[in-house]
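First chain written, first letter: the chains are A, B, C, D and E, and each begins at residue 1.
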Amino acid sequence: MMTDQLLIILALCIPTVAAILIAVTHNNVNLRETGTLLSSVCLIFVVYNLLQIVLAGDQPQLFLLKFLPGLAIHFKIEPLGMLFACIASFLWLINSIYSIGYMRGNNEKHQTRFYICFAVAIASTIGIAFSANLITLFIFYEALTLSTYPLVTHKGSEDAMRAGRAYLGILLSTSICFFLPAIIWTSVLAGNTEFTSGGILDNEMNHCVIFILLMLFSYGIGKAALMPMHRWLPAAMVAPTPVSALLHAVAVVKAGVFSIVKIVTYIFSPALLAEVVDFNLLLYLAGVTIIVASIIALQADNLKRRLAYSTISQLSYVILATALLAPISIMGAALHILAHAFGKITLFFAAGSIYTATKKTAVSELDGIGKVMPWTMGAFAIASLSMIGVPPTAGFLSKWYILQGAFSVESWFAITVIIISTLLNAGYFLPIVYAAFFKKPSDGKKLDYHEAPFAMVFALTVTSILTIVLFLFPEIPLQLVKMLVGNMI
Amino acid sequence: MTCSLFHPGLLLILSGLIIPFLQGTRRTLFVLLIPCVALISIWNMSFGTACSIQYLDYELTLINLDALSRIFITVFAITVFTGSLFCCKQAKSKELAAAFVYAGGAMSVVLAGDLLSLFIFWELMALASTLIIWSVQTEYSWRAGMRYIVIHLLGGVILMCGISAYVNETGSILFTAMQPNSIGTWLILCGFLLNAGAPPLTAWLADAYPEASFSGTVFLSAFTTKTAVYVLLRGFPGTELLVYIGLFMIFYGIIYALLENDMRRILAYSIINQVGFMVVGIGIGTEMALNGAAAHAFTHIIYKALLLMSAGSVLYMTGKRKCTDLGGLIQSMPVTAVCGIIGALAISSFPLTSGFVSKSMVTQASVDEHLLWVWLLLQAASAGVFLHAGIKFPWFVFFQKDSGLRPDEPPINMQMAMIFFAAVCILIGIFPDFLYGMLPYEVNYVPYTAAHTLTQLQLLLFSGLAFFVLLPLMKRTLTISLDFDWFYRKLAKMISIFILTSLCNFQSKLSKKVSALKPGYYIDGILNIRFSLAMGMGLIMIVFIISLSYFLF
Amino acid sequence: MDFLGTFNYWVVVILMMIGLYIVIAHQNLVKKLIGINIFQTSIFILFISMGKITGGTAPILNEVNTLYSSPLPHVLILTAIVVGISTTALGLAIVIRLYHAFGTVDDDEIQQEIE
Amino acid sequence: MNQNWFYRKSSIKKLWISAIIILVLTILAEIFVTLHPHFEIEGLFGFHAFYGFLTCVAMVIFAKVLGYLIKRKDDYYDV
Amino acid sequence: MISSHLPVLQVILPLIAAPLCVILRQGTLSWLLTTLVCFMSLAISSCLYDQVMTEGVISYALGGWLSPWGIEYRLDKLTVFMLLIVNGVAAIVLLGARSSIPNEISSDRLYLFYTAFLLNLTGLLGVIVTGDAFNLFVFIEIASLSSYAMISIGRDRRCLYAAFKYLIFGTIGASFILISVGLLYAVTGTLNMNDIFQRLPDVENTRTLTTALVFFVVGVGIKAAIFPLHLWLPDAYSYSPSIVSTFLAGTTTKVFIYVLIRFIFSIFGYDTAINGGTFNNLLMMFACAGILYGSYLAIKQDSLKRLLAYSSIAQLGYMLLGISLATEAGLAAGLIHVFNHAIIKVALFLSVVTIIFYCKTDSIIQLAGLAKKLPLLTSAFLVSGLSLIGVPMTAGFISKWYLIKASLQSGYWGLVVVIVFSSVLAIIYIWKFIEASYFKSSEKELVALNEDQKTPCLLLFSLALFVIANIYFGLDSSFNVELANAIANDLFRK
């Protein structure tokens, strides 16, 4: 028992220690980078051990601090959190490799600040993953927002500042305006804010209170980018690509969506919600977000802007799946977090390597780039297949379960949304793949640039291969997700 | 992985991935060898299920061989062999690789024993066929390919919904015959029909196939529609609705082919027409009908490939596609012309050709079932086929007026491929037992009875008479005919433009109105006035009086 | 209520209103202080008039009469007067220094200077 | 060079005559061959011949009429 | 023996020390004396805290005169709670004054400043401790007069006008309180708060009683700068010497909130005053208006001290909100915020004091790029700023948590929206400075530190102490939460 708590503490301390280590060794560049890589490796090692324990069935706990009678910082690893922690820790390693290549390739300034904030962001993501009650989740959620703010305003230019202001403005105001009151109200209603399987709210509370609470939570978590609260995501595109990779695939949006899934499963419990909520507004909101974000992505010419809007629509997939309230669809939601993480990070790595090699950002300029950068565009193609959800990639897995959930609940709206959005996804991803491989360079001249630096290409290929490997050998994540759903039914 | 390595589908897919790394003769040899290996491996593989994998807590059976799937696999293997023979020297390696993956996907779909693996290879087929269309790298092929992939993804998603609903209801994933009674099976049926080119989304076939390269269309015509026929044969034999869908497809194909000007679009419409026959066969559902459908699929792949090869070589040599600027090529391309004519006769099921052997089984099945109206329509249709494909295609391409073009014969490997397939058509026409041996159900049908041949001859010759009599009516015009795709090409564009324009000018009006109000100015104005001491005092008194009155009254 | 009985309280109210009016209306700071003084005196009168008990003599114990008006308000007001004077003194000191600093005693002019 | 034998006026007339002869033969052949019709309509003499002819004419005319409705210029979709 | 006379000693000690300072006539020596006195009074108040905690309410008859006649000092948990806050703030702020005052006050007036400071402290302690209504008025006047003096002592000529304005407002307020005391005396015949409370039920809802209540509320409203009556506060805080504004922000307004609580709960009785529904709606309206007005205007300000002044108005609104909820949880939340706000505001003001000590200006535009020059100082401001916003793990979060919880329990939806919206506004005005100092860079030389001035280690120590207090009370807030709940329980049970 003792080792579990030690492991949890380790999992939280390694990134923070890494941040301090980086701060200390800021003048010696190589030492700093090896420090980051080393700490990400041992984080993976710790998380791997935790994974074995969780797979064995028990859920290690850790009480850290009790600062109010009803409130305490308390960690408990349940399967969903474990899955999220594995994604975050693994992708931290990949992202550090990539950003070393990127930073060297573009010789960006403030590199130390970038790595420090990156490590702190990972620490808060692990905190969110392992949180056992709403307060701990809220604390690390705020820490994540504050630690990623310097990353968004990395360049320090005027529009970076504006983007940073929009980013912080929306995230902080939604979290304080909706999330905090919601937490307090739950603690008033249910006495405590612990995540317990089967939910802590019960049936005889009047139904519209529970409905309003659900809406407060879903809009309180600004990071899940539901439609009106999505403005910060495209605005954060001004940051360098490893940051947007972190933002979009590893930490920030994942934390948002992860907390919504966790709250729906462990605070409200789908069974309760199913019978209480008659008009499923969350489902329709998520559906609208998917469609509108995809339509906007269709016309976005800037590559990163298009990827940003595709993230918004993919996130609402997860919310849609959770809002279906069927156990199978919640499995689908958890798997979609996994599939989307790997798929989207590859897409951003590809965008980054295109920018590093050719300084091009618009989709229309990408004609014929596939011949010159085969590895990058190959990975991009695989990742976009995963986004569309075509079989050989992991995207298909989660879509399969979400659809099963949709059918078990007979929700025709969700099914039509999934069908339309698959087409829209194809609509805005395939032109890029086509332009890269099948179009001759528009201005006719021979493309004189070459493939991106090795570190970036290596990270790129690893994640793209993983999307396929996840499809072929999905045992571990599947087992985790089954345990999540198992103890819920 | 308990499956024997020789899963032909996976073999082809792997070889497809290897092709880009080979050049010249090594590629030609490799490309010709693989289909033969696949054919041999299928023939010495015993019936029954093999190669099952445990995945996502389901039991996937990758190989489920029986007579029905074996006949399809054989015909697929033969087509891949001849197709690659046809274009091994001329085609880009990108297209050839995509074609092999495409064929491998088709084979794996045919072999698949359960719905999930069927769906996985189904999507793989859609992707590979899009790559074939795109590999010709023209602007038209880009747009047609995009429409093609979107439609097929739509079909794929509908199929996926159907499968997940079906699995949800019945719990089993095995691919067995089912009745379209529950929502799941209905969606699966729609998914299959969409790939078979059934209404309403029939336009993708005639829109995408002609845009592929001269050799690409040969491959395209062989696999997508035929796998759809196979899955319908196995999944939904005897569903009454299919008869009417089949009949609609038949007459749709004839009418649009008659109007069409581009020669390869005529052949594309005739694909829909022929698939219509098979669908009618499946719809009738008796053993004879199913045999007929399978046989017809077999023979159709061969003579359609033959026709498309001849059209392809005409395109390859002259670079022209429209009938208006073709004609009189017989003088300089006799071999292609002869093969084209043999193909045309086969498609119109002229006695002594393979078409006659297979199509008559379907009509015979309708007779056995006493479906008078269906029989009448089928007879009219076979007359119509001779009209639009049997005579129209060879006449307008090879005879008609002399367009002055004197292209010489296509390269030798293309000719060999065409001659081989022409020979096969004639052979099956003469010795039907070779084909009947392979059919799934026991066959006791004798095609060559005097009465039957005579009535067939009368039917065809008189429709030929009608063609020549009405020749001036059928003058070719430089036009295309609208189809269902008008909806998602023109109408959708108009609607989206309308929505976007109304959205942005609504927004601009709104922002103008809001800025006119200048809200910020007023609030700042009020709050920033300097409170002098006197006003402070005044305020205190006002507050005092308010609270006093608030209390006392 | 007869007017005479509550004469004192009417005086208090009138004086209070005058004091407040002076503070509000006049710009000259010294006049504001005078207004404050008048306001405070009105309060003192209020307290004192509370202490009187009809028929009670001055609160010096002697054996003859037993009824005395209560001395407490008077005592309180003594301290209140001290407080009032110290406030005025402090106010005047500040006004002098304001005059040295701004050269004027007028409220509006000082306010302009400050902006 | 003179046209290929096929296009010469005279050969065309010859072709037409031979075609008509073949047609008449097929109809006459029906007398000798005993059709065992399944439907009673099939029993009519030369049913297949005139049925084939009539349906083809009907189809061509129907196609012509439909053509006026749905035929568009070549570059209708290219705009 | 000493321990029985502690209540009066608490007040007498600073009173005696004030003239001593005048005699000393020398800046540093008088500083030493004042600090000594402050720490001793802090010690006294902690002993009183133990006594009250053990024995419950202490009642001390001044000069041996028994209660109806003489002045009686009643000390219950609420009094001791406020004593601790005021003495704590006074002691620590004085430490900081050592190095910051010489820059802002001419050296010959230093000892006068310390005398005024001590008198102010006496007044405040007297107000807290006294149990007699008129004596309360006298101590209020002592405290106010000495604070006018302290404000007007600064070098900047605008502080004179601010002091004068405060004097006028203050005197009017005090006179209103005097009128209400008079009316209460007229109705109940006694001045002792406890006796008034006993005698009030039999003069239920007479007109004079309500007028006395209204006079009292308006009077305390002016002194405590509640929303519509707050006009003197912005100038008083921003133009007075920074140490004075720190002390004023930390203590004066809170003491008058204490007086409000004391009168409403232990004299008028909360059922007549508040629960009638009329009164607490009025108070709630003023509180919400104050919160929104204060936060909104704070965003507009460029000078840091003025920004913090307006934010104090908003924070006062929170305390008033807690009280006006008229439930036990509400009062407890209000008291918790009194404690937390003292810590937060003094920490913020001390950091502004240090900024002014180093850079001689407090305008945000000129302070751009401060973080590079003084990283530790800006991080101190950042932490206390976050605590003001109410980010978790800080003191501000605890009071926000309990305020929202209390308003949710009594079903006031509007209040939750106001609290949450104003914390968003708080984010904006705190972030204005953080963004300017961290993310903008300025060329000109910021730190105008002439060499002879050594680093103000005492000032930094006090700032550090308060910032750590912010974090500590964010993490382990059991002390003030339990005490506040106990107080609320007592007041409601009586």
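Convention: a residue touches a chain if its C-beta (ideal position, glycine included) is under 8 Å from a C-beta of that chain, and two chains touch if they have at least 3 such contacts.
Every value quoted in this text rests on a predicted model; they were computed, and no experiment measured them.
Asks: Going by the contact rule set out at the top, which chains touch both chain B and chain C?
Replies: Correct list: E.
Asks: By mean C-alpha coordinates, which chain is most distant from chain A?
Replies: C
Asks: Going by C-alpha centres, which chain is most central here?
Replies: Chain A is the most central one.
Asks: Work out the mean Cα position per chain and let me know which chain is farthest from chain B.
Replies: C
Asks: Just give me the whole-number Å value for how far the CA centre of chain A lies from that of chain B.
Replies: The computed centroid separation for chain A versus chain B comes out at 38 Å.
Asks: Go ahead and note the Å separation of the Cα centroids belonging to chain C and chain D.
Replies: Measuring from centre to centre gives 126 Å for this pair.
Asks: Compute the distance, rounded to whole Å, between the mean C-alpha positions of chain B and chain E.
Replies: It comes to 81 Å between the two C-alpha centres.
Asks: Between chain B and chain D, tell me the centre distance in angstrom, where each centre is the average of that chain's C-alpha atoms.
Replies: The separation of the two C-alpha centroids amounts to 30 Å.
Asks: Counting only residues that touch at least two other chains, what does the list for chain E look like?
Replies: Those would be 168, 172.
Asks: Where in chain A do residues touch at least two different other chains?
Replies: Within chain A, no residue contacts more than one other chain.
Asks: Two or more other chains touching the same residue: where does that happen in chain B?
Replies: 533, 537, in rising order.
Asks: Pull out all the chain pairs that touch, please.
Replies: By the stated definition, chains touch in these pairs: A-B, A-E, B-C, B-D, B-E, C-E.
Asks: Any idea which chain B residues touch chain C in the complex?
Replies: The contact residues of chain B facing chain C are 530, 532-534, 537-538, 541.
Asks: Under the stated contact criterion, what part of chain E meets chain C in this complex?
Replies: 134, 137-138, 141, 145, 148-149, 152, 157-158, 160-161, 163-164, 167-168, 171-172, 174-175, 178-179, 182, 185-186, 191
Asks: Which residues of chain B touch chain A once you look at their complex with the stated criterion?
Replies: Checking each residue of chain B against chain A gives 56-57, 119-121, 123-124, 127, 134-135, 137, 142, 145-146, 149-150, 153-154, 156-158, 160-161, 164-165, 167-168, 183-184.
Asks: What does chain B use to touch chain D in their complex?
Replies: Listed in rising order, the residues are 254-255, 258-259, 328, 330-331, 367, 370, 372, 375-376, 379-380, 383-384, 387, 399, 402, 450-451, 454-470, 473-474, 477-483, 489-490.
Asks: For the complex, which residues does chain C have touching chain B?
Replies: Those residues of chain C that touch chain B are 20, 23-25, 27, 32, 107-108, 111, 115.
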